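We just call them A, B, C, D, E and F in the order they show up, numbering each chain from 1.
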Amino acid sequence: MQVAFSADERRVAEQPYYLASGDEVEVFQAAHRQRLPLMLKGPTGCGKTRLVEHMAARLGLQLITIACHEDITAADLVGRYLLHGGETVWVDGPLTRAVRRGAICYLDEVVEARADTTVVIHPLADHRRELNLERLNETLHAPDDFMLVVSYNPGYQSVLKDLKQSTRQRMVGIELGYPVAERELRILVRESGIDEARAMELVKLAHAIRKLDASMLPDVCSTRTLVSTARLMCEGLSARAAAMAAMLLPLCDDAEVVRGLREVVNTYLPQ
Amino acid sequence: MQVAFSADERRVAEQPYYLASGDEVEVFQAAHRQRLPLMLKGPTGCGKTRLVEHMAARLGLQLITIACHEDITAADLVGRYLLHGGETVWVDGPLTRAVRRGAICYLDEVVEARADTTVVIHPLADHRRELNLERLNETLHAPDDFMLVVSYNPGYQSVLKDLKQSTRQRMVGIELGYPVAERELRILVRESGIDEARAMELVKLAHAIRKLDASMLPDVCSTRTLVSTARLMCEGLSARAAAMAAMLLPLCDDAEVVRGLREVVNTYLPQ
Amino acid sequence: MQVAFSADERRVAEQPYYLASGDEVEVFQAAHRQRLPLMLKGPTGCGKTRLVEHMAARLGLQLITIACHEDITAADLVGRYLLHGGETVWVDGPLTRAVRRGAICYLDEVVEARADTTVVIHPLADHRRELNLERLNETLHAPDDFMLVVSYNPGYQSVLKDLKQSTRQRMVGIELGYPVAERELRILVRESGIDEARAMELVKLAHAIRKLDASMLPDVCSTRTLVSTARLMCEGLSARAAAMAAMLLPLCDDAEVVRGLREVVNTYLPQ
Amino acid sequence: MQVAFSADERRVAEQPYYLASGDEVEVFQAAHRQRLPLMLKGPTGCGKTRLVEHMAARLGLQLITIACHEDITAADLVGRYLLHGGETVWVDGPLTRAVRRGAICYLDEVVEARADTTVVIHPLADHRRELNLERLNETLHAPDDFMLVVSYNPGYQSVLKDLKQSTRQRMVGIELGYPVAERELRILVRESGIDEARAMELVKLAHAIRKLDASMLPDVCSTRTLVSTARLMCEGLSARAAAMAAMLLPLCDDAEVVRGLREVVNTYLPQ
Amino acid sequence: MQVAFSADERRVAEQPYYLASGDEVEVFQAAHRQRLPLMLKGPTGCGKTRLVEHMAARLGLQLITIACHEDITAADLVGRYLLHGGETVWVDGPLTRAVRRGAICYLDEVVEARADTTVVIHPLADHRRELNLERLNETLHAPDDFMLVVSYNPGYQSVLKDLKQSTRQRMVGIELGYPVAERELRILVRESGIDEARAMELVKLAHAIRKLDASMLPDVCSTRTLVSTARLMCEGLSARAAAMAAMLLPLCDDAEVVRGLREVVNTYLPQ
Amino acid sequence: MQVAFSADERRVAEQPYYLASGDEVEVFQAAHRQRLPLMLKGPTGCGKTRLVEHMAARLGLQLITIACHEDITAADLVGRYLLHGGETVWVDGPLTRAVRRGAICYLDEVVEARADTTVVIHPLADHRRELNLERLNETLHAPDDFMLVVSYNPGYQSVLKDLKQSTRQRMVGIELGYPVAERELRILVRESGIDEARAMELVKLAHAIRKLDASMLPDVCSTRTLVSTARLMCEGLSARAAAMAAMLLPLCDDAEVVRGLREVVNTYLPQ
């Protein structure tokens, strides 16, 4: 069976812009120095990936990202024998490459992966810091620079998909949320090229929506959707049309809820 | 295991007729210029595919369509090694071809696909615009013209099959519905060759049915079924027999409901 | 994994006897001329297959029948590479053969097939009339004579197994029921060689059973079971013994219901 | 994947003893002459298999038995390509062998088989009497002597495992029960060698147990367990010990029910 | 797919000590002489395996044990083709070996095996006494000495995992329980080397626990756990510590129940 | 299918520091001398693995650890044939290696493994002490030093995942909890290098949290999270920030619960 997954490997050359909202940079650094694995919690589009990219550049480490899903198995992480020209060749998986190189291995949405992946992580995530390559009859000892980072969105968790306490309690946690207004404004201007006045209108709208009754909405507007809205406005769409397309329609399918949100939009944005 | 799926690739030579009912053409163009992916929402047979064909021709881009279903995996989209004459040869999947050529890749009914497909989409659908070909040890950077478009029908969604917010909030949304009466009339005449008077009777019938109590019917009559009715009439069937065959019987199996609908038909169509 | 299925291919040489009970022949012909796919609805043993055989002969077309079940996949319909003498050879599936030859492809009990089959059907069932042979890197355009016909029994449908509206609304519908008394009598005489008097007794019995409370019986007696009863009578079984064996016992396992039915039998048939 | 199943093929040389309790022999013969398939219903150990063996000998036909279970697929019945010495060789399945030879093919407990087996049966079980060997590109027409017989136990059926009406209504039914007292007595004496007096005690006990409240017991004592009891008695066990071992303990695990049954045993059997 | 299972084959040279608690030895012998299969019922650790070992030695037969579990298929019992040095070689499964040699084949916890195993057992367990080796095109007739013995624990059965009546009623049953006090005492002394006084304390404790409310405990203490307790005491552990380790902690995880049991222990055992 | 798992093999050279909290060392030794398998129960991070490492060193035995998960099958434990350079070579699994060498085989979280693993364990865990290598046609008799140890966390068990009584009652049990305050203090100082005063504050905090209402928290803080907290403090984080990152966020996702816990933290730790 073939499983495709994205292992995004790159040394982040230029240090991405990141404005800390709390002590997340200090905790990240302390965990790295103590060789403790890290767990990032937070909603979609709040900057978890951005923080990892920023810290990888800051620590001068290569970053290997694995987007997890329900078909990801331990073998996908560790590696497997493949047939090449009639020869069986061992091919390291992304986790093994990260251990060999002393890189940051970032398992995005880790709870989506299959259960056997936690088995591979456990001996890497405690005092042993070992990766067992059973098939190669080899055990890798992770260099000091190697760091395991996982992310997940607590809002999506269900009883069926959750990290076991024996996994969680091996990790140090960082919780992220959406940025405060002034910081979100700066991000909008920087990422879309929109002017500050219109950006502020969007930020105010987003904060209004985020204050709505949680039971009414499946989620709230991420910073990412604000950036998309601003970019559509730069193409000449009206603020309301852009917010409809990039904020409301992606958020929700319920016609009545969309109608209610549209009124909020009309209150905050010019015609 | 072999999985068959339809990847309909073609450069739409002649620009298909499309009469916009709102700002969908502008939003589509703005999203393309800003390199943002697009999500089309709307009921069956309302013109989602037609819009994509129209825009592909207008933007001068090749269109690659993938009809999603529950056996579609990431490997089906990205590609795989196949055996040809004793040699293993890599064969690009339709998504990879779309990225290489800067085409529009249209994932029809995307929620039907397996969960691991979202993993492939995610890095293509944010600022990275990258497709990881893990097996080729290669990462493709999408050219500016490449555009990802997905469609789905909100009326069919269930708790089990839904797009995650982290997928949705990467996209710009367009919502389509059935056309207003005058526009639907023009479509009928054009697509079936029926005369305007009889076409108007069918449009009035469709609007009457669409106003019925939603709980009574599994769905409403799409524009497509109106066209089929008109085409059967051009073969000499009476209006009532044609509507029975092409509108009522496909819509619903419940004998009592069909009987009720037949009365509506008799009110609007001549014997 | 190997999947066996029956693809019954034959050009129906002699036009099978078929006495229309409504406008089904006209609708079938109109749909064929307009290149629209057809959906036959009706209970078991009412003549759906017979109608298709009749029309295939009448239109001078080859008929390829596929009995669907839950292990039928798109690859079973379209074709696959098989190993023959160390060589991989592409083998067309029955749907592909039907498209190449301009035949009628009849998917019997289509809802039983796996979900990915609808993907293959969709582009064949709208204006595109295309079959994508992804593995051959080839797209077949169906000739005008090609016609897709599907059947299903609305009484068997459940929430889990139903055709999606996006599939249904691509099709023209024909609904069949059991024939009226006089027509059923003629069928009995013709198919079993029984005399008219005894045939009429069976027809009257069947109509009596079909009028019973639907909640009491899992189904009603099909025309097919009447023919079987008549054939057993021709072998010397009494009418009552034949009806017990060919009508009652196949219909139902509940002892009490069978006892009730036996009284109905005794009322209509001589000892 | 390998699937093992038992296809018991033999020409029943000596005609097994069978004492008909109704018109089952006549119905079987009439169905065979009319080339109609047969469905045997009845509880475990009542003689279904014995009837088939008897009729096969009487009609001079070979009998091929397939005990169905949930891993039996259409390919197990029809045949498949196997690798022998580097060559792929087609190996007929038991159903195919039965068709080729004009034998009786007996599918024991047919509802246990997987759904795709009904697809193979359908064209064999109506007027077509054809077996499609898709993989061999060959269609077999069953000779007149070929006969399909299926059995099942209505008491075991559930909603999940049932024959579809479209399958059932292709068949002629025979219902069997446990033999009347005098007949069961003769079977006991013949099969175990026990004397008539003790055999009669066992028959009376069985009839008493079969009259108990059905909700108390998972099933009743079959004729087969009576034979086993008699055989243990011939080895010197007391009647009560033999009935406990061969009738009560196989029947039921509930200690309280067994205690109640033991009292019934003590009433009918000597110490 | 590879399935590992334990087929423990050995001719039991020395006849293991077994003190019958009822007529189980006589029933076993009678069933063997009459070539009837046997079903052993009883709780864990009560001596089912010991009885089979004892009888195998007594009858001078080889014993082949198969511990069943949910991945055991018919092929695991019967045999399969394996690749050895490029050649495909048939390898008999343990059931086939038992039939060829006229051994006792003991299926431990038979209900845990997959459903298709019953198919292999059925023709071996009735008058046919045949094993069909479909893949070898061979049918084995079991020699008179061959005997099929299955065991299961009625306390573990659920609706999902149960033997079908058609399987059960082919067998002769023996029910075992825990031994009476005096017999259990003798087993303890013999198996652990403990003195009689301390052994009697353990037996009294076990009988007290076995009388507790069944709804409070998941099971009761088997004779096996008494032996383990005695053996720990022989290593110098106090009676209470040994009972805690070998009787209470294996039995139950509920802290409150363990506390209650500990008080029972303190009542029966010295400090 | 490839299954990766971690089999951590090493002879523990230096005897790890372990301060017994009860008679666990004596029970472990007695079980080893009596060749009885051992079951360790206790919450996450309480020192189960540490005890096994300590005892392996003390007994001078090699330790082979297998972290179990739901894809671990019997073949993963026992071994399998693999292809190496065109040759099939048998490769011992970790359990087989442990038996051959007379090592301790430690199955961590054994209930997570697939059901067929218990089949391999059973004959190793009773008086037979045998490992059947069916594929090698070989049975290994475990040397006296071989010892099977399993662990599991009773708090995680569900009805679906539990050890069967027939498995449990083969084992001797040891139950571990979190260490008493003075002992936990010594561990903290030793493992993190923190000073005693600050370590005592953390221990007091942990004990306060462990006394909270169990229904409020998914679990309690393990000793492991205390060590992580102390290590972050050694990197300069404040006690409160460190406890937030290493104790609270890993423990729980519920914002309200975290807020409540933060107040507990503020009470016990300086600003």
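Everything below uses one rule, namely that contacts are C-beta pairs under 8 Å (C-beta built on N, C-alpha and C of every residue); 3 or more make two chains touch, one makes a residue touch a chain.
Just so we're clear, the structure is a prediction, and the values are computed from it rather than from any experiment.
For the self-contact between chain D and chain E, the two sides draw on mostly distinct residue numbers; the shared fraction is below half. Centroids built from CA atoms put chain F at 30 Å from chain E. Centroid to centroid, with C-alpha atoms defining each point, chain B and chain F lie 53 Å apart.
Each chain gets one centre point, the mean of its Cα atoms, and the points for chain C and chain F are 61 Å apart. In chain A, the residues that reach two or more other chains under the touch definition are 1. Interchain contacts close the chains into one ring where each touches exactly two others, per the touch definition above. Of all residues in chain C, those touching chain B in their complex are 1, 23, 26-27, 29-31, 33-34, 36, 39, 41, 73-75, 77-78, 80-81, 88, 114-116, 118-120, 122-123, 126, 128, 130-132, 134-135, 139, 154, 157, 164-166, 168-175. Residues of chain C touching chain D in their complex: 1-8, 44-45, 67-72, 83-85, 109, 112, 153, 156, 218-219, 221-222, 224-225, 228, 231-232, 234-237, 241-242, 244-246, 248-251, 253.
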